[in-house]
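The data blocks that follow each hold one structure.
Below are two complexes that have chain A in common, paired first with chain B and then with chain C.
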Partner chain A sequence: MADVVAEQVRGTAPAGRLHPGRAVPRPRRRWSRYSGRTFYLFVSPWVLGFLLLTVVPLGYAFAMSLTNFDGSSSLWRWVGLRNYRELLQDSAAWSSLVRTLVYTAIVVPLSVAIALGLAVLLNRRLRAVGLFRTVFFLPSVVPVVATAIMWKLVFNRDAGLLNAILERLGVGAVTWLVDPTAFYALIILTLWGLGGGMVIMLAALQGVPVELEEAAVVDGAGRWRVFWHVTVPMISPVIFFQIVTGVIMSFQVLVQPLLLAETNSIGAVTNVPSSTHLYMVQVYQEYFANQRFGYGSAMLWVFFLIILIITVLVQRSSRFWVYYEVDRDERD
Partner chain B sequence: MSDGHTPGLFSRRRFLAGSALVVGGAATAPLLGACDASSSGSGESSGTTTLTVMYASNELTKEHIADFETKNPGIKITLIENDDTRLNAMLASGNPPDLVRGAAVGSANNNARGLATSLDPYLEKSSVLKKDDLLPVNDSWRWDGKKIGAGPYYGITKDWSQDATLWYNQALFAQAKVAPLSTTEPVTYDQLLEIARKLTVQKDGKTVVYGLGIEWQWGLYGPLAAMVMSQGGSLYSEDLTQTDVTTPQAKRALKWLVDLAQSGAAPSSLNPLADGADLSTFMAKRMAITQDGYWYGGNFIEAAADLKDNIRMAPAPVMGDKRVSPCYAGQGAWIPAKAKNKDAAWKLMEYFMGGPPAEERAKSGWGMPALKSLLPLMPQELPYQQEAFRTAQAELAYNVPLPDSPYVTIANWITTLNQYIDQAARKKITLDVAAQKITEDINKLLKQGKDRIG
Partner chain C sequence: MTRGTDRAGTRRLDAGGTYVLLMVLAVLFAGPFAWLVLGALKKQTEWVAIPIHFLPEAPQWSNFTEAFTRVNFLAYTANSLFLSATYAILVTFSSAAVGFGFARLKGPGKRPLFMVLLSTMMLPSILTLIPTYVLYSRLGLVNTYWPWVLWGLAASPYLVFLFRQFFAAIPRDLEDAAIIDGCGYGRIFARIFLPLSRPVLLTSFLLSFTWIWGDYLAPALLLDIDHTTLSVAITQSYRDPHGNYIPTVQAAAAALYVVPVMLIFFFTQRYFVRSVVMSGVKG
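Up next, the complex of A and B:
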């Protein structure tokens, strides 16, 4: 009967089958018509946003990558795949890509590990834990421009806080914001804002059932084993999410190297040190310093494909280490 | 997703098809609208012209705008803060501002691409801005299809400076027991470097006083070009399609820059200033000389009395036999070719470049006026202002335009120079290799520019 009711609700059961012998009035309008509209109505904001702000610009950028458009004049023409061929031989672009990969390989594991470590520390019953949580979260809500200016002052060779501390320790003044140390300064600046990740980790930790940890303790597991064999698997989907979004965000870093550069409004992208000249900085330079919108678009498309491949690889790897509380078949 | 009983209700195909239709419709509407760009943005309605102006709000102030609107009741100004990225988008969409801030040096690129309006028809009729009143700095706005300095004007400079001239703090010279610079006779660049070394004070690996600042972080194209011109050299071929910085003149200039960076006597890419400019360091009496031009004098009006007493201005240094004192930028304004309200934009141009704001600027000492008729208004009350006035007037005789090819931008030069001069200063590459690489990279960009512009 339940199946029949369900079919009736869906509008697929023949009229009259619910109560044989009694005429059941046919619904005036089928639910399926409503449900279809409702479905489209609810998903339309996201779909519209995705298509208009992602798919259309992607298509537009691809079309532009087949031209020598300079970004402002009508003096452009189709150049076919010339930009892509040039990119294959562009040592500056590939160097910046390698630099970006190294940056990502350092920043993502560090930020996930530190965020998890902080979350574990702040998941305990401590006095003023709320204050600590706020303090650690605070840097992530400070605008990136303010953060970068603050760190530039901290890193300043002649008057910076960091060198003042190093001086007390007997270490000579370091010129932080030039090659090669600018790279480390960029990593520190990035890690400074990991409070957002910490909060997500904290939420995940608080979702781990206490019974599981208690059961492990009853079975004789120590704190480390409980953490490694119970807690980490339980929050592995969140770690996985952090890694995927972290990789994508690290690949796309642009503003921080520009802000940390020995630059101002006149110099703009022209003064970014080599060590922080990441791929997106190179793209930005092609667009706005070199007026090569076509070539910059080709660089972006290739980058998009690289990010896609790496994301798929990370996704594939998840089946070996990410634990879901539901069966894989159910999830699929 | 389908339940088997309602085949295709939420099928992927239907979903994607439906979405595509929605997006297609949504995307087409604005595209069709864009065909008639005049339907949005600046324009005229009910007898009032709305002028869209992209400028710096600390230069074209609220007071200026209010005054202009009072004097021109049919015109309202919408000010957009200066933003190159936004300008690009506005130009690309065919809906540019009516008046745009821009520099004379480097304008060849825009002019050759047909982005700017010729101002000659307006200049010929104007009673405020006249061709014979324009100082030569405005010649960098001219473009005849092959070179700058001839042909129609495509912009007007607001104010300018001989940017290679020097300001120095006599007190720091006295402290280092170094004779002050002459305010009439130029030093050579080699002498300047030697003096800068003597003036520099370092302690525990930190620089307490910099001997010199050349605004390294603003770009090295101007200094390099000035040094090459001072030796009688040239950066470009006759048709502006090729460069060569492997010439003896260019290599000497590059070597001076590398030597300066390595000396530690000035902020450079090896030791940049945190705020990207010399001003705060100079005002804090931690920099003895700064190569900044006349406009810098505006900063000293409210400086401490002891600093004011010790400020002096010196002529542009020389590297060869020829005295040159070029302007590195010459900020002003231009009217885009696709501007909707060119006549109203010209009225604002007249007001801002030749009206009360121009007189205010000339009197303030924030740069030299770009009109001959306004030169007498330059401030001469304080001793440093009187000396600076005399020095700046004398430098007028040596003012020459910086070379400008339409096929590359100044930003291209700055990026390339920064990259290789930095590597040479770090001794990662030799000076010869740096010169060769700069030549190759800029020639590649020139070729691409030529390919685009034709």
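Up next, the complex of A and C:
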């Protein structure tokens, strides 16, 4: 872990600025023009990919959002902003958005807090820490399909692990994967995968200079005060980043509700219990169950604008919390 | 003296408490894995028995053979392997090239381009996936593996960032010497930077491989049941003639499906951890 952090730190050094090699005189103008072409040659895969595979589909979705296209028939026409106007009054869409916000408001703080707590526990010099780290991290690399199958078995009403335990404790069996408990099941499934965040927190904790914490202890601060007033501020950029990515991740949750609800074909989205009917599920339903590609595209675009606003806000504030290594001297 | 032993005592107690807490949490995190494996080893009748059996009476390895025979498991595995490997190889090299461009070359508009790249890391892929599906179905690219080739060629912003960070830390002397010797940037990249970046290449390959291996939505939308990947097949195919799932066999199939990911992870843990940390600490 320490070498990971060391590498991070090394990575932030302005590349090659101090090298004497730069002093070698070279034919400046011709070189820089050649270099500019080479730059574009090298980055062209991403630039072309971004234009063709991101901008074009997004533009296509916007075009669709202005039509009443049903996905197959050629009898579509332009309807202007009608889909967007309808969306404003669509109570199902609004409640799915509110549900997504509630889900986010529960999942993000909980997973960040638990990830930080686990990281603090694992940051101590204890034996077998590596083993525990593996156990906590592993779920975050399990593919979503396997995650869903596992948790469906755990939450199964008649044969699930959870009900097996509850019955032993004398509590009756709970039907988990229906309303309203399906929502809690989804939250538990999400929290299970917080190991990725934990590893990031752990790396951040190990990057906090020990001298700082020791100095605080010498000054008479207790453990909790050191944690809250020294450690947490030091790793606040990482915590903030975790919150931002966490919010964006939970806004786009779709596959987990679909798989937990045993939707066995693309169109069978109507099986999803309403308590896990998140915004993206609603979008999916408009596209593939209701065949309303125009309306679904409008919903997708509203979602895109929400993400865009979050991203812009984050980037505006980024100078306060993260240092992107773009060398200002290399702007030409 | 007494104070010293007292301190040591509380510290021991403290460590003990931490261990108990870690054990409880570890059981919670490992529980679903264990239940999946136990489920895969139960008889169908045991699975539905009341009260719920924790352990199978005798492990039913036949569930695993049934996972292979009930659907064409090997064909789906081959599809998954092919797609994952194709994408992983393409995206690793395209991302390395783009990362090299951003780390080492100059060009007009480089800074804004890099900002765009960083913001697309935040862009959920789901946004473009459904329109892409509609677009591809009109272009006749549905039920082919071309979409994955295109995605691979297009580089991944996340991996570009990974490579850029690595390349930016390599001293410039090497490159300067090569330039003086008359080497072009293509050769500098291929002969100097790529060989130096073996650990990042491996990280990138492993990560992108597991992305596609674990992806559900893209194959579910873009491929029919004959062309699809293991991830879609195991969610749909393990049913009895009445259309009900056979949970024990499905569990066995899911266990088989996770095993490669686990193995890759166990043997290359530090690469995974590094990439996760890179993404989280630096953005």
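Structure notes:
Throughout what follows, the second predicted complex is superposed on the first by the 250 of 332 C-alpha atoms of A that agree within 3 Å, B and C clash if a C-alpha of one lies under 4 Å from a C-alpha of the other, contacts with A are read in each partner's own complex, and residues count from 1 in each chain.
One rule holds in what follows: a contact is a pair of C-beta atoms (placed from the backbone, for glycine too) under 8 Å apart; a residue touches a chain by one contact, two chains touch by 3 or more.
Since this is a predicted model, take the numbers as computed values, not measurements.
Measured by the number of chain A residues touched, the leading partner among chain B and chain C is C.
Once the two complexes are laid over each other on the shared chain, residue contacts for A:38 go to chain C alone; chain B is not touched. Of the two partner chains, neither chain B nor chain C is touched by A:317.
Contact with both chain B and chain C is seen for A:71 once the two complexes are overlaid on the shared chain.
Contacts of A:167 after superposition on the shared chain: both chain B and chain C are touched.
In the superposed pair of complexes, A:52 makes contact with chain B and with chain C alike.
When the two structures are aligned on the shared chain, A:271 is found in touch with chain B, with no touch to chain C.
Contact with both chain B and chain C is seen for A:158 once the two complexes are overlaid on the shared chain.
In the superposition on chain A, contact is made by A:285 with chain B only, not with chain C. Chain A residues in contact with chain B (one complex) as well as with chain C (other complex) are 7, 10-11, 32, 35-36, 39-40, 47-48, 52, 56, 71, 153, 156, 158-160, 163, 167, 262, 264, 266. On the chain C side of its complex with chain A, the touching residues are 15, 18-19, 21-22, 25-26, 29-33, 35-36, 39, 47-52, 54, 94-95, 97-98, 100-108, 110-111, 113-120, 122-124, 126-128, 130-132, 134-135, 150-151, 153-155, 157, 160, 165-166, 168-173, 176-177, 180, 184-185, 189, 210, 213-217, 220-221, 231-232, 234-236, 245, 247, 250-251, 254, 257-258, 261-262, 265-266, 269-270, 272-274, 276-283.
Touching chain B in their complex are the following residues of chain A: 7, 10-12, 32, 35-36, 39-40, 44, 47-48, 51-52, 55-56, 68, 70-76, 152-153, 155-160, 163, 167, 172-173, 175, 177-179, 262-264, 266-271, 273-274, 285, 288-292.
Chain A contributes residues 1, 4-5, 7-8, 10-11, 13, 15-16, 19, 21-22, 24, 32, 35-43, 45-50, 52-54, 56-58, 60-61, 64, 71, 118, 121-122, 124, 126, 132, 134-139, 141-146, 148-151, 153-154, 156, 158-161, 163-164, 167, 192, 195-197, 199-200, 203-204, 207, 238, 241-242, 244-245, 248, 251-252, 254-255, 259, 262, 264-266, 280, 283-284, 287, 293, 296-297, 300, 303-304, 307, 310-311, 314-315, 318, 322, 324-326, 330-332 to its touches with chain C in the complex. Those residues of chain B that touch chain A in the shared complex are 3, 5-6, 9-10, 18-20, 22-23, 26-27, 84-85, 87-88, 91-92, 109, 113-115, 204-208, 217-219, 269-277, 409, 411-412, 414-415, 418-419, 422, 426, 445, 448, 451-454.
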